[in-house]
Amino acid sequence: MALTEYRYSDVIHRCFRCGYCKFPTSFIEVNNCPAYARYRLESYSTGGRLWLIRAWLNDELDWSEHLGEIVYSCAACKNCAEQCPLPFSDDIVDMIVAAKGAMVERGSVPSAVKEFLENVDRQGNPYGTARSKRGEWMEGTGIQEYDGQEFLYYVGCVGSYDTRAQQVARALGRVLQKGGVSFGVLGDRENCDGNDVGKLGEEGLFEALAEENIRQFKDLGVSKIVTLSPHAFNAIKNDYPRLDGTFEVRHYSQLLRDLVRAGKLDVSSGFKAKVTYHDPCFLGRWNAEYEAPRDVLRAVPGVELVEMERHRADALCCGGGGGNFYTDFLGGSEDSPSRIRVRDACATGASIVATACPNCLTMLEDAVKAEGLDDRLKVMDISEIVGEACQARGS
Amino acid sequence: MDSICQSLAEIVGEGHVSNRPEELYIYSRDLGTAEPHLPRYVVAPRTTEEVQQVVKLANREKIPVVPLGGGLTLAGLVMPLRGGIVLDMKRMDSILEVNERARYALVEAGVSQGKLVAYLNTHHPTLVHSEPGAPGQATVAGNVAIHGQGDLAQPYGFNSDMVNGLEVVLPTGEVCRIGSCSLAQQWFTQHPLPDLGLFLGWCGTTGVITKVSLRLFPRKRIRDMGMFVLEDGDLVPDILYRISHTEMAGDLIAWSQELPVTVSGLHNISIFISGDSEEELELKRKLIRVGILGEYIHSGVGGLVGLSANVRPRLPRRPPVSTIQDIKKGGGFEYVGAIMPVDTYPECCRRGAEISARHNIAYTLLGRVIGRSHAMMFSWSYVFNRADEDSVREAREALYESDDLALELGGIPWKPGVYGQQAVMERMDPNTLSLMKKVKKLLDPNGIMNPGNWEVS
Amino acid sequence: MDIVVAVKQVPDTSEVVDVVEIDGSGKDIERGTLVSRINEWDEYALEEALQWKQKLGGTVTAVTVGPGEWDDTLRRALAMGADRAIRVDEDATVIDCSAAARTLAALIGRLPHDLVMFGAQSEDFGSAQLGPMVAEMLGIPHAALVVRLQVEEGEAHVERELEGGARDLYTLRLPALLTIQTGINRPRYVSFSSVRKAREKELSVMSLDELGLPPQALTPAVELARLELAPAGKGAVLISGAAEEAAARLATILREAGVI
Amino acid sequence: MAEILVVAEHRDGKPADVSLEMLSTGRRLADQAGCGLLAVVVTSDVSAFAPRLARWADSVLAVKTGKPEHSLAEPYQKALASVIRERKPNLVLLGHSSFAMDLAPALAVDVGAPLATDCTNIAMENGAITVTRSIYNGKVNALYSFAPCETVILTGRPGVFPVEEGRGKGIVEEIDLPVHEEAEYKRFEGCSEPEASEVDITKADVLVAVGRGVKEKGNLQLAEDLARALGGVLACSRPVVDYGWLPSGHQVGLSGKTVRPRLYLALGISGAFQHMVGLRGSKMIVAINKDEKAPIFTDADYGIVGDVLEIVPVLTKHILEPRR
């Protein structure tokens, strides 16, 4: 693709590289862009990335594995979009995704990205684990396959395959059961939601996945969907409709809030701990849902909710977005965003960092180990906290 | 990786050095109109010791070293004109000490203006520093290295006059402390020691600043602003003089711009005031509104917006610069700032508008008062389209003409690019010039520090 | 430069996909749950062919002997940049290497071929036989396990991989056949849309008959008696438990064994 | 059965290990069938090889050739084809080496004999030969038999067949065959030795080896930290070199180096034989792999089934601070 064919050819040169994209609103740290935080070189800031993309499309710069890594190190966390003062701020992430798309079309992507996409294409998940093992997480939970229940509980790849995230998938299942929610899952029939595939620039594969899912949902008569992952939530809510797939989709934190408020979920057993909450980008900045998870936590007796200095729209991404939980271009350093984030969490004095995204959960948990904070900080999903709080006494 | 890259990696760690095309491309380019120059290496140090080792290596190998902060001078002052190492200082961003009683902050060179503002807001709400109105990633050290000014310029002068002490790595690798810090861990003053002001305003050509102690000032609880609008620019110097006489104003800025058309041809004087109480604020308002502007208003010269208890202006969260630059939808913006006598304001405006017209760029003219009308920083701003070569050239020519204009009117281009530097030195007294040369030669025998800038031929 | 690349489709039985079962016949695996992919070595062969086409011009033709499903792999080859693809319609899973070689030799013999490329081996059976057999049948020189290739003036300069990282250097006169080892290049990513676009490209199917081969050309000389699941994991003492616990125990074991 | 023929491959003046493995196997089968064992070597230095081979073989055919000093497929193919046509051995054995991968298939076509490569077992029941091959990433074993024919050609997987020192005294016969070293259509231009690397993994006491399972170059750091904690060095399997994550000097296996460390810690390595043959000499093999069915667990002494990226950092921690 030449610059002229690039969707944002008339905009991309308008980035002044003033650098707001690196900061949170308060300017307190320059490292609120996860990729810039990790590498601290201008090439990895959003502005630098845009200039490099333009140079590449303009044939001023050849493609290289390194250029690929720079572009793909963008976790699509949207901090830049939040902070950029210019009129095209809403398009910044799309500009980068479109550049990834150009790389995909040229067939030149970093090997980890190639692997991610080929695995999803073949096995319906980035890990390349067999499709036929997708449902294994639910063994012994009594969770039923979807068959006309009110809700389809869509688990997603991480919750289905990652051993730690599987615990969360089960925990949420139990909570929904306790809340008397009528729901079912797809088990082995579930397929990748495609959110991160799209953010990796593989638009064709994303659409194929989305269309396949939409067809399946419709065939099964699904109308309401509750997702474990904000990534799936984002795709189904914001991208599926343009492919003629409109469903009433909610992130589970929103559903749990309603259940608690309606008194359908008895959390009176409580959960005694000082808890800080990490905003997942695809719930927060992408879908402006900052309160539901906090409301749920506040509703649990014994939870003392404290905020990190950077939170809500200013939250630092865990570095797992845009496929990076797998491709891991931001890992392997004490400057890795996930490690900065758990240090932020520790600074609040909380003993629990709660989140509402299996990607964030696994990223932060690895970071806690790497930082050697195991004994001070525990990473939990909100569904797990609620799960403990609604251990109905007696039964 | 060549051997020098290898040794650089051993100093700062492999992840913080690069000689790959992508990094070299980015660090070869300035935000303004300057032509790109490729560095050989990009290095991001974390400590003074690392800077020291890098500089020693460079001095031994005779490789240029260009210290880079926020990279927002727009005049290409941090471009590797002779290749070599670009030293990205932004990893050195710890705020080391804020002394509330002595009102100063000791910061590492990479600390951004934004971070210092935010830090003071949260931890020392009674203190402020003079914020230069550049995007937040501009660094404190970079700003004093170019004799920057900020929003406290009218009461307190240049930011570089607010420096209590410096830590500098000399071009030959010695770490040197200037001010009370050279005696003990005391960063509260530069005086009364013999003057060693060899680093401020030198744009990194005499050493790498690694620490700065900067004066802080009382932060008033409430801020307010007003804008006096008039047509006759010739009156502006007089008005500025009289407002500064009251000693009630903070930042004082006179400006005039072509767009939007509704303000075209007008001159605006932005008057910022602050106070700890409504009473204090109202007193200041009165002294300026009634005492000074009243008669101008009555004689119908101009009108005042704000500066009254019942009108609350919205103070911008961000400096306007980053949005102004996009008027041409071309991402390019550069200005010539010059330190001028306040009396030249009308002429600066007239001639500036002519330059803009010649190069068909809407004019944006601004004068910020420094001290009690002792001087003003007058800026001629030009936007351009980064994607359009002609547009870039037009802007570049306009900038050159503005440098010449500043000098012609008896002013001095501030943080000029190479063209302006040469123009300044051509007019400079030969003895002064040779003193500059001696100082540079003494400190930087191998000429490795940001070569190409302020070079006395 | 006309290049023919032979490819095959294999079930994905890589490390993380471990659901392999023997089917009722005892002579094949249960393919139901397995997904297919292009043989990894063939992907490198295709990439190499395409890069030389890019440099020298000419055509790249992808060929295979296999059932209809294998068109997926040919389409992938077309998406990568091959100009045309030909499939000889036979169930490759039941024929042996010599039969497959005979068929491919007959096909390739009819195509313009300055260079013929095979993957050095297949992921599923790993016989590493096909290429050299076809070369011998076509009567053209060959080199197996090629890790480096330079083509100029009707000659191919190749490096063959030997044990221990050593290499033999040969010059082959074209036409010649090479079997390609992994790592010789970085195979490009094949985007979903390029596969879609490749649908317009020519994919032809041929029968043995059209190749002038009698059915008995496929009689295997090597007969598969039966398949057995390999005994897995019996050797190692498996340390169970969560990461934390398992790692701790391993550390202790290593210490007690005095290896650290 | 009339005769078994073993093709002796050599390099740097030494017979290849795998050839000795095949000679021993040939000996065993010959004794079992009560037939003769013939070894064939093509070399410029007959005296260097023939006597050694004669310890297993009843007779050794040494084909004299000029350069080069190691085995090339072309001269062998010509020599062997004529020997096979003339003596019609029932069984021809080669090691499944790079050399044989180049030679055996062409030879099989040349003499019209069935070929089974990379055999892990070779059995003979009343004259009939059956072989076992390991397929589908070592997850399945396939048993093969052969249609009745004069000669069957087999190549045996290196490191699988035991070597028993030969005790015999075979006769050595130097024959002169028209050997084309220089076919004008294929010129041998010499050979290059493996590029030297900064670390010599063959001398290391502890090796931490990484494979596909580490997923991304960035993750090598984890393995490197562990290696440092163990006072060892980093090794790897083929894909890691193919991806350009590590220089080839770190590669263990058939096309890499052969190592004999006290501890071989394999991270995310499935254990394909091409890799495993390189570490047979290891005192202790420990494997960490997601896939409980990965072949590596067959050869490993200890194993953890789990995510390398999850376990390695924790393991490093425990190595560094032993709990008292």
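Letters A, B, C and D mark the chains in the order given here, with residues in each chain numbered from 1 onward.
Here is the rule we go by: contacts are C-beta pairs under 8 Å (C-beta built on N, C-alpha and C of every residue); 3 or more make two chains touch, one makes a residue touch a chain.
What you are looking at is a predicted structure, and each value in this text was computed from that prediction instead of being measured.
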A-D or A-B, whichever has more C-beta pairs in contact: A-B
Distance between the centres, which are taken as Cα means, of chain D and chain A, whole angstrom: 46
Inter-chain centre distance, chain B versus chain C - centres from mean C-alpha coordinates, in Å: 63
Gap in Å, rounded to a whole number, between the CA centres of chain B and chain A: 40
Chain C and chain D, separation of their C-alpha mean positions in angstrom: 20
Sites on chain D at which at least two other chains make contact: 244, 306-307, 310, 314, 317
Residues of chain A engaged with two or more neighbouring chains: 111, 333
Touching two or more other chains - residue numbers and ranges from chain B: none
Touching pairs among all chains present in the structure: A-B, A-C, A-D, C-D
Touch list for chain C against partner chain D, complex: 11, 13-16, 18, 20, 22, 29, 97-98, 101, 120-121, 123-133, 135-137, 140-145, 157, 159-173, 176, 179, 181-183, 186, 219-240, 243-244, 246-248, 250-251, 253-255, 257, 259-260
Footprint of chain D on chain A - complex, ascending: 65, 111-112, 115, 163-164, 326-329, 331-333, 366, 369-370, 372
Chain B residues touching chain A - in the complex, by the definition given at the top: 15-16, 18, 20-23, 25-27, 29, 31, 42, 44, 70-72, 88, 90-91, 93, 112, 114-115, 117-119, 121-122, 135-137, 318, 321-323, 325-326, 329-333, 385-387
Touching residues (chain side chain C, partner chain A) in the complex: 12, 14, 16-19, 33-35, 37, 80, 186, 188-196, 244
Chain C-touching residues of chain D, taken from the complex the two chains share: 11, 16, 72, 96-99, 101-106, 108-110, 113-118, 130, 133-147, 149, 183-195, 206, 212-213, 230-231, 238-239, 241-242, 244, 248-249, 251, 254-258, 262-263, 270, 283-284, 286-287, 289-307, 310-311, 314-315, 317-319, 322-323
